[in-house]
Every structure is written in C-alpha cells, then in structure tokens.
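Next come two complexes built around subunit A: one with subunit B, the other with subunit C.
Coming up: the complex of A and B.
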C-alpha cells in the first residue's frame, strides 16, 4: 500500500475512533466529581492495614495477585530483550576494554558530576524503595532509579568501569531470585508491602540493568565477524 | 460540559496513531506507540481526579481528608511498567531488523526475504 493509501485508511479509522471516543467520554461522570466507588472502597482497607500510601497498598496488598502478572510480564520482556539481542553466529563480541570509547572526550566537570551523583542517586533509589509504603514511591519507581544510577558511570565516559561493576551473571541471578521471591510473597504472604517493595525494587533494577547492558553491547561491542 | 477534559487522552491517542501511520522509521514508530499509550495514563488519572482532594498518601494528613482515586493511580503504575517493557522489547526487535535488513523503513520491509 502506498503511503497515501495508508494515510487515507488510517484517517478513516481515526475518524471512527474519534467519534466513538467522544461519545463514550460524554457518557462518563463529570470530571473532578465525587463518585469513585472503587477508590472509596480501597481507602478503609489500606488504613486498616497500616499502609499510608494507598497506591502501594493496592498494588502489593489488595491487588497483589494482579501485580504478580505485571511482575512476570516485566521479567518475560527483560528475558526476551536479552534473548533477541544475543550475539549471533556471524558476529563477534569484543571485550569491554578493547576500544577506547569516551574517557578523553568527556569534560572533567561532567565526569566528576557523574561520579559524585552515583552514590546520591543510589541512596535516593534505596530511599524510594524503602519508604514506598509510607510516602510516594515504591519498588517499581525506586528500582528504575537504582537501575539507572550505575549508568551514570557510562555517562562519565567510562564504559569499561561500568562493565566491571555490573557483572551480567550476578544481575541475571538477582533478577531470577527476586522474581521467585515475589511469586512466593504474592501467593503466600500478600500484604507484606515492605518486603514486596524491596523484592520488586531488586527485580526492576536488575531488569533495567540487563536490558540496557544488552543495548550497550549491541551499540559498542558487537560487530560482524571479520 | 464537565466531560471536556476526557477528550484530551483521545487527542493524544490520535496524535500517536497518526505518527505510526505516517512513520518512515521503526524507532519513530515505537516512540509514537509510547505517545499513543501515554493517552491511557492521562485517561486513568483524569477519571480518578476529584476537586479539592489531595494525594492518596495518609502519612501526614487526616484519614477523613478527601483524596483522589488511588485505584486508577495503581493501574497507571502497572500501565507505565508494561508500556516501558514493551518499548524495550520493540526497540530490541528494531536493532535486529536494522542488522539483518540494513533498513528501518517499514515500507522497505514489505517482503519476507531481503
């Protein structure tokens, strides 16, 4: 189909979607109103179980079984990204220190900022995970911060150092252990919001590191076999 | 017309879909899919919004205080996590497509074999 034909078919579908969506939106209760039947029912339960952050209470206590599915989606897609981005037969992978990427091309101020921010960012991630039941935050949000934090070293221009501090097998094991622990917690001990936050934080952090590691390898180290 | 804010997510969704339809680059298409998906965040949060209410975190407010709907916020969190993983997976596929076919233009990827 030509780009023009595709656009015409797309506009046809988009018009139908726009009309149906507008009709549906006009049938909704007014914006900002007081009718939230499901939300109102979650509040007393969260307060009774001493989880001040109601969103955490819903995710890890009242809907823990649904979060188990979400967690397994996360693990499955991290696994799939690792499998899709593996080194295939016609390619070879270079050692992390073989190329001289960055280092000299990065400003000293940027490098220093990266190294200084690393511990601060790691601590912020741990804080967001650990206080997830009490204040805005939780395992998912903190895990992303933890996983991103160590990539500050890469932004500082030192890929070999990044490769040294994140041994892939350790993170793969951490991912698997955290996923297993979450299955046990969700099926047997739902409501242990603090423990579940910690486990989810570990798993999300490992998944972010693993997926980004594979993208880095593709961009920096994998090339056609010579 | 207190329903007008609900039309914003519909507009975001259509912008994203338009980007996918006219896309000439798979990375661009993946980003447009993220834009289309972010419409669901806006829709969920606007459904849960309540005037003169605060965040559903009771560590420093009275339990009787009005709060916005926490259930849709939890669903938005799920939505963001699933959306991010889908984006990572699609970008990984794009990397492999680029390596195998030497192009990321969907129009040039029509045949099954190069």
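Coming up: the complex of A and C.
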C-alpha cells in the first residue's frame, strides 16, 4: 500500500476512534460521584463471604473465572518466552561464570544496597501474598515482587549466584503445578480466596522468574556458534 | 480544590509519557519508562486503587524496563559480535 493510502486508512481509523472515544467519555458518570453501581453489587457479596479486601473477593471469588483466563494468559506468555528464546542449533550458551559477569565491578554502595534490599523485598512479597485477602495486594502483586526480588542479586553484580538460586527446571515445575492447581481450584472449589491467592502468588512468581531468566540468557550468555 | 491532587497526578503522568516518547535512545528510554511507571502508580494511589498501584509499580517500573534493557543489550551484543566473528576464540 502506498504511503498516501496508508495515511488515508490511518486517518479513517483515528477519526472513528476519536468520535467513539469522545462519545464514550461524555457518557461517563461524573468524577467522584455518589453512584457506584458496581461497588453496590460487589461490596455486600464480599462482606457476606468474609473477604475484607473487596478487590481480592472480586478476583478470586466473584469473578474467579475471569482470573483463570488471566492466569493462563500469563502462563502462555512465560511458556512462549521459554520456547522462543531457547538456544537454537546455530547458537551456543556460555557458562554463567565464563565472562566477567561473575563478581562484576560494581560499586560497593550498589552491592550493599542490593544485599540489604533482597531480604526486605522478599519479605514484602511474602507479606503481600499472605495478606492479599485482608489488605491491598494479593497473589499477583506479591508474586511479581517475589519473582523480581531475586534479581537484586544481579544488581549486586553476581550473575552466577543468581543462576544458582533459580534452577530453571524447578521453576518450570512450580509454574506448571501452580497453574494446574489454580485451574482445579477455580473450576472445582470456588470461593477458596486464600488458597487461590497463594497459588496465584506461586504461579506469577515462577512465570516472572522464567521469562526474565530467558531474557538474561539471551542478553548475557547465548551467542552464535563459532 | 479537592480535585487538585488527581489533576496534578494526571499532569505528571502526561508529562512523563511525553518524556518517554521524546527519548530516542532505547536504553535511556527504558529508564524514563521506569519513571513513567512510577508516575502512573502515584496516579493509581491518588485514585484510590492501591491494588492496581502495586501491580503497576512491580511490572511497570521493574519488570518491563528490565526486559527492555536486556533486549537492547542482547541486540547490541549480537550486532557487535558478527563482523569480527572467528577472530577471537
């Protein structure tokens, strides 16, 4: 298609989007108003099921089936990262310590910050998963914090140590087990907010670690076969 | 007057989003993207959505910029290695 044709098609789509978006925005209720139809329906249900964090009640109880789809999307993307970013025949992977990535030249202040933040961040992640049904947070948020926290070791300049504490097969198994457990919980034992919360935390943590691990391997270790 | 905080948070978010677009170097862009993620998290807190703000902080300021940085690094590494292939090793 010629640039001119693309411009015309693009303008057509942009105009349609602008018109529809403006109409939709004009139809919204006022900012901070007193009418909350969704809240009025979800709040009594959350209170009736003793889940103080209404967001968790919606995620894992009232709309658990939607969350099931979301979790499977996350698993599919982690799986895609593992499959697409694997080492192919024309490439080879170096050992983690082969380059200067072991004990790299990192400022002491940065290294110390990484080591000090690691336990604090891990504990924050566990807290957010464990208290997901009580206070803001939950399996997803806590899982992402747990999954990204261990990469503070890389910030401290020690890639081999990071590679040691996250054995890929273990995290692949954890990911699969947690995803399977979540499907069973969501379909067979509806309403188990605490259990679903914990399983989602494990699943999300494993998915984040797996996807990031593949990106780390590509960025640091994989190269064309010589 | 009560709307001052949401308006300020929205303006900060719009400012950071513009900064992300105007940053041309991908490695710098990842850092600016991280700051934009933080501004977005502030907006969510102001709009009383702490759960979303937590997800945004973890994903938008840590995971996504890290993935971008690693991808940029991988691309640069593969590009610089190709011309002098076979010289070393």
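Please note the rule applied: the second predicted complex is superposed on the first by the 211 of 226 C-alpha atoms of A that agree within 3 Å, B and C clash if a C-alpha of one lies under 4 Å from a C-alpha of the other, contacts with A are read in each partner's own complex, and residues count from 1 in each chain.
The rule we apply is simple: a contact is a pair of C-beta atoms (placed from the backbone, for glycine too) under 8 Å apart; a residue touches a chain by one contact, two chains touch by 3 or more.
As the structure is a prediction and not an experimental result, all values here were calculated from the model.
> Could you look at A:67 and tell me whether it touches subunit B, subunit C, both or neither (first, second, both, neither)?
So A:67 only meets subunit B here.
> If you stack the two complexes on chain A, which partner ends up touching A:31: first (subunit B), second (subunit C), both, or neither?
both
> Examine A:197 and indicate which partner it touches, taking first as subunit B and second as subunit C; both and neither are also allowed.
So A:197 meets neither subunit B nor subunit C here.
> According to the stated criteria, A:156 is in contact with first (subunit B), second (subunit C), both, or neither; which is it?
neither
> Contacts for A:140 in the overlay, against subunit B (first) and subunit C (second): which applies, first, second, both or neither?
The answer is both, since A:140 touches subunit B and subunit C.
> One more residue to check, A:7. First (subunit B), second (subunit C), both or neither?
In the superposition, A:7 contacts subunit B only.
> In the overlay, answer first, second, both or neither for which of subunit B and subunit C A:121 touches.
After superposing on A, A:121 lies clear of both subunit B and subunit C.
> Counting residues of subunit A in contact, which comes out ahead: subunit B or subunit C?
Comparing touch counts on subunit A for subunit B and subunit C gives B.
> Where on subunit A do the contacts with subunit B and the contacts with subunit C coincide?
Residues common to the subunit A contacts of subunit C and of subunit B are 31-32, 53, 55, 136, 138, 140, 211, 215, 218, listed in rising order.
> Using the touch definition up top, name the residues of subunit A that touch subunit C in the complex.
31-32, 53, 55-56, 128, 136-138, 140-141, 144-145, 147-148, 151, 208, 211-212, 215-216, 218-220, 222-224, 226
> Looking at the complex, which residues from subunit A come into contact with subunit B?
3, 6-7, 10, 13-14, 17-18, 21-22, 25-26, 28, 30-34, 36, 38-39, 42-43, 46-47, 52-55, 57-59, 63, 66-67, 70, 73-74, 77-78, 80-81, 84-85, 134-136, 138, 140, 204, 207, 211, 214-215, 218
> Considering only the defined contacts, which subunit B positions touch subunit A in the complex?
Interface residues on the subunit B side: 2-7, 10, 13-14, 17-18, 21-22, 46-51, 55-59, 63, 66-74, 77-78, 80-82, 85-86, 88-89, 91-93, 95-96, 107.
> For subunit C, which residues are in contact with subunit A within the complex?
Per the stated touch rule, the residues are 2-3, 6, 50-51, 54-55, 58-59, 62-63, 66-67, 70-71, 73-74, 77-78, 81-82, 85-86, 89.
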